[in-house]
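What follows is a set of structures for review.
Common to both upcoming complexes is chain A, partnered first by chain B, then by chain C.
Right, the complex of A and B next:
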């Protein structure tokens, strides 16, 4: 596009509102988050009852020496991995299925999926809790396991939350990949069929490469979302499970800050989570660049 | 001949599987509405049935009257609508600047937009809590305990993705169109609002849906910011009022969940074609 005089100024004017909001409500808080993580910042410091003590990396060394933190980190990664893999498998399989059935069947599936997608996390978590309720839940009734608690055992509880997360996040993957499959020109698939390629061969050597950029996008998006799950864990395990055994990093940070009034320590957990996700972003950008896509 | 029959059979099986999966996916929602309509005794029956012969609106009445759900519903609507309108306007302008103009810091800004999406917003509750505390002293409406604070944070959190997504749609509008409009004597301003804005409508719809859901579904910030002003709570928090250790009023909880889910569901179904078109558009770009 040709440059016109005053372009820079106009571009800045268009960007100004967005920049104002983003700097004020994301940039500044990120700076504050890092700052707070360097101090011993508790209830007494907030109310002005005690002077602020600069700890440097003190909160971080406390964290790294804390077995609890490592356990939470490990289960956060495992939980997110299960959610991501589950979401992608279900979403991809259903996108392929949707592309092979007539409109009425596809619309039925999409409508159901839109329902799951649209359900607010709070409502969704509550519904699932009730479905799996020990005494009044329908699932126990069907399985004949009345009285069995799905939220007591640590891994069963994690599994239940993961199932709920997959339920409400596979539709995004499904709808996006379905759109991608539909965007593949019919001639390409016909040519493959004429060349005698089997369905499986067409899927792996024609469709997969064409869908690769999209798959990268939905994978990264899923990783980001599932690593940051908060509401489902908070509600379904009542704030992180019995004795906090179902904590993930995000909930752990929140509990340290707002329940234990250890704002400094909570902020340092937040910083660690952010850094971990930034590493993923870097991988994303590299993958995009390698697949030849310009920014 | 045989091939056609085979194809029909396999398509029939695929369609059967599709319907069964759709039923499983939709089941939790069916159960929610069903429970909301069941009489109280059936809800806590040890032998739950997947139907009811005596549907009643008692649970809805309880949800709306006992805990003034109506008020919270209104609060949620105010916040979500404000976020959608502001984010539409701001992200459209920003996306235009980032696609239609060349300037030095453009790539840096684009990378920043991606990076800020990775920031776990939950971690930012801590500094934002203190930010909102200070805002309260300057402009109370936008500070702690007021709906304005929720509008501000959700606006900030929905902008990066909205701008990122709209970029593709703005870029898809041919530059020649702008040149033609300029030749016809249209000002930049008129081109922006009368030509470009309608053309990127599918993208705007898609991003609006996401911004709306962001704001409507939020539990964390409502919980953190609205601490002592019960009248300014939003639905997700109000729902938790019914959750009590060992004696949950499941009927009212499910009625409240239904009330909270329906607006999003209707909104989604209304725009679903455009949403799919929007995502496909984002794909093609």
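Right, the complex of A and C next:
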């Protein structure tokens, strides 16, 4: 493609407003985050009661030398992975279901999903806690396990929170993929059918490739959301579970750094999280590209 | 290569700038005699009676000071840290007078939040209990007038003790066997409701055994939670969080409120509760079926040192109405209104004479006053305590031993290390 001189400049002029908004809304906070992470920046420094000390990478070395940080990080990755896989499976299955059932059933499914989607995380978590309450919860009543605490054991608690996270994030996947399935031209499917492709073959060789761009978007979105989960863990395990065994990175950062007024250390955790997410996303995109699919 | 250049340039750019700092509070701010005095008080579960007393004080204050209005905001205890931090960072949004918890004091003072108070000018201040005034001091200077004090003692169910023919424990050592016996006889009941996050219920066990949270070494604190005495206390408390007394699945996640709640619901035979819990217990299923004794110490006749909790009233450093603010603190924190607050909320007064007066009229207070007079303890007075608190070091320690199966030595060592790291910063 050939470009005339000046095209670039015009393109830039058109993009400038959006760029300005991006720099203002994204660039500046990230700049501040990185900056703060290089200082010993606590409440005394914010209030102007103590001088600022430049630590360089001091906060990062403190963080990376902390065994607890690594344990929490590993836990977060595993927890996010379970949530992402769960969300995608449930969302995809229900999207397929929605595309095959009658209108009234689809409407009911969508209304229920939108309800879950629209529920604020705080309210959703609290309602789940009520449902799973050890003594008065509906779930224990139905199962006949009154007195069983769903938030005590580490794995049971993680499982419960993961279920809640999946519950409130599958609707996005479902709605997006349903739209994608509906957008597949009928002729394509018809052609496949005429060629004698089985349902499974149609699904894997025709529909899946066509849905690929959408799947990529929802996967990346889910990774980012689930890696950054805060509310559900904070509320449902009352701040990280017994002796902090249900901590995830965001809650850990809040507790260790922000609640304790160690903003510098907290900012460094934020930077590490951002970098990790960028790396994960980049690696994912790269793996896809290598598998031969254009994005 | 390009990345390296970018990184170097980036680092150079960054090093040249610095994060925002507020200009600091101007100590020379004017001292206006009229206008609006802003006051922050804590919201309560049942705020009505508190609000009524505060309104009365405001009316009295406004009548005595022409051209002055008092604006009270009730803030949530749970979000206090954020509110106060914001107020310190932006003096314009800060109040003139604020109520705050005494464990937060050192952090607030270091954050540049509160002004030193001169109690010498205030005749009544000589009647304030010295041990309680100490909870309002940092480095020997007073920053808060104690508005009320809270101590905890042992609540027990008289009906159950009578039925099983038991006596309240005379020493700390007797609590576990006693609680076990009760649960064995009545499997629906917790022998004693002991929460895994109930720091101030657990610390008396540590103190009574001769241990401590931290000791002062020069001008720094050094954790003592891993000393032999402290560990004996930790062992004694966490022994209570077991299936045959207070099952971990039910109790390990409980803080003070949840622990008392189990007693209120009639599901526990004993609990360590505060004088401030009395009114709510009287409004529960346990009403009329309980009594309170001081938490016993190591030996019979001794009382385990209690934590001297309570709230202070202070004047913000950036206030433009310091004189008025001081006068309002002396009115609301004074004898008359402390007495009224006791009648309204059950808050224990901090003046010796007022305390004697209410104790005479209310014999139920006796165990609490005995506990108070036997000597109380406090958390380390350092701004870094807020950090230890926020990082939940002590609750984590209790939970690790009681529920996560860690041995006392390892868990106490880890907690001491975390504390020392916070103290050193």
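Going forward, the second predicted complex is superposed on the first by the 252 of 295 C-alpha atoms of A that agree within 3 Å, B and C clash if a C-alpha of one lies under 4 Å from a C-alpha of the other, contacts with A are read in each partner's own complex, and residues count from 1 in each chain.
As a convention for this text, a contact is a pair of C-beta atoms (placed from the backbone, for glycine too) under 8 Å apart; a residue touches a chain by one contact, two chains touch by 3 or more.
None of these values were measured; they are calculated from a predicted model.
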Query = Who does A:202 touch here: chain B (first), chain C (second), both, or neither?
reply = neither
Ask   = For A:234, is the partner it touches chain B (first), chain C (second), both, or none of the two (neither)?
value = first
Chain B versus chain C as contact partner of A:262, first or second or both or neither = second
Task = Once the structures are superposed on A, label A:180 by its partner contacts, choosing first (chain B), second (chain C), both or neither.
result = first
Task = Would you sort A:122 into first (chain B), second (chain C), both or neither based on which partner it touches?
result = first
Which partner, chain B or chain C, touches more chain A residues = B
Query = Is A:99 contacted by the first partner chain B, the second partner chain C, both or neither?
reply = neither
Task = Using the touch definition from the top, say if A:36 reaches chain B (first), chain C (second), both or neither.
result = both
Request  = Indicate the residue numbers of chain A shared between its chain B interface and its chain C interface, in ascending order.
outcome  = 32, 36
Message = Applying the document's contact rule, which stretches of chain A touch chain B when the two form their complex?
response = 1, 3, 7-8, 10-12, 14-15, 17-18, 21-22, 24-26, 28-30, 32-33, 36, 94, 97-98, 100-102, 105-106, 108-124, 126-128, 130-131, 133, 135-138, 141, 146, 167, 175-176, 178-180, 182-183, 214, 224, 227-228, 230-231, 234-235, 249-251, 253-254, 257-258, 263, 266-267, 269-271, 273-274, 277-278, 280-281, 284-285, 295
Interfacial residue positions of chain B with respect to chain A in the complex = 11, 14-15, 17-19, 21-23, 25-26, 28-29, 31-32, 35, 43-48, 50, 89-91, 93-94, 96-98, 100-103, 107, 109-111, 114-131, 152-153, 155-157, 159-160, 163, 175, 188, 213, 216-217, 219-220, 224, 235-236, 239-240, 243, 250, 253-254, 256-257, 260-261, 264-265, 267-269, 272, 275-276, 279-280, 283-284
Query = Given the complex with chain A, which residues does chain C contribute to the contact?
reply = 14-15, 17-25, 81, 85, 88-89, 107, 110-113, 196, 248-250, 252-253, 383, 386-387, 390-392, 396, 399-400, 403-404, 406, 422, 425
Note = Listed in rising order, chain A residues that touch chain C in their complex are 32, 34-36, 38-39, 41, 43-49, 52, 54, 134, 147-149, 151-153, 238-240, 242-245, 255-256, 259-262
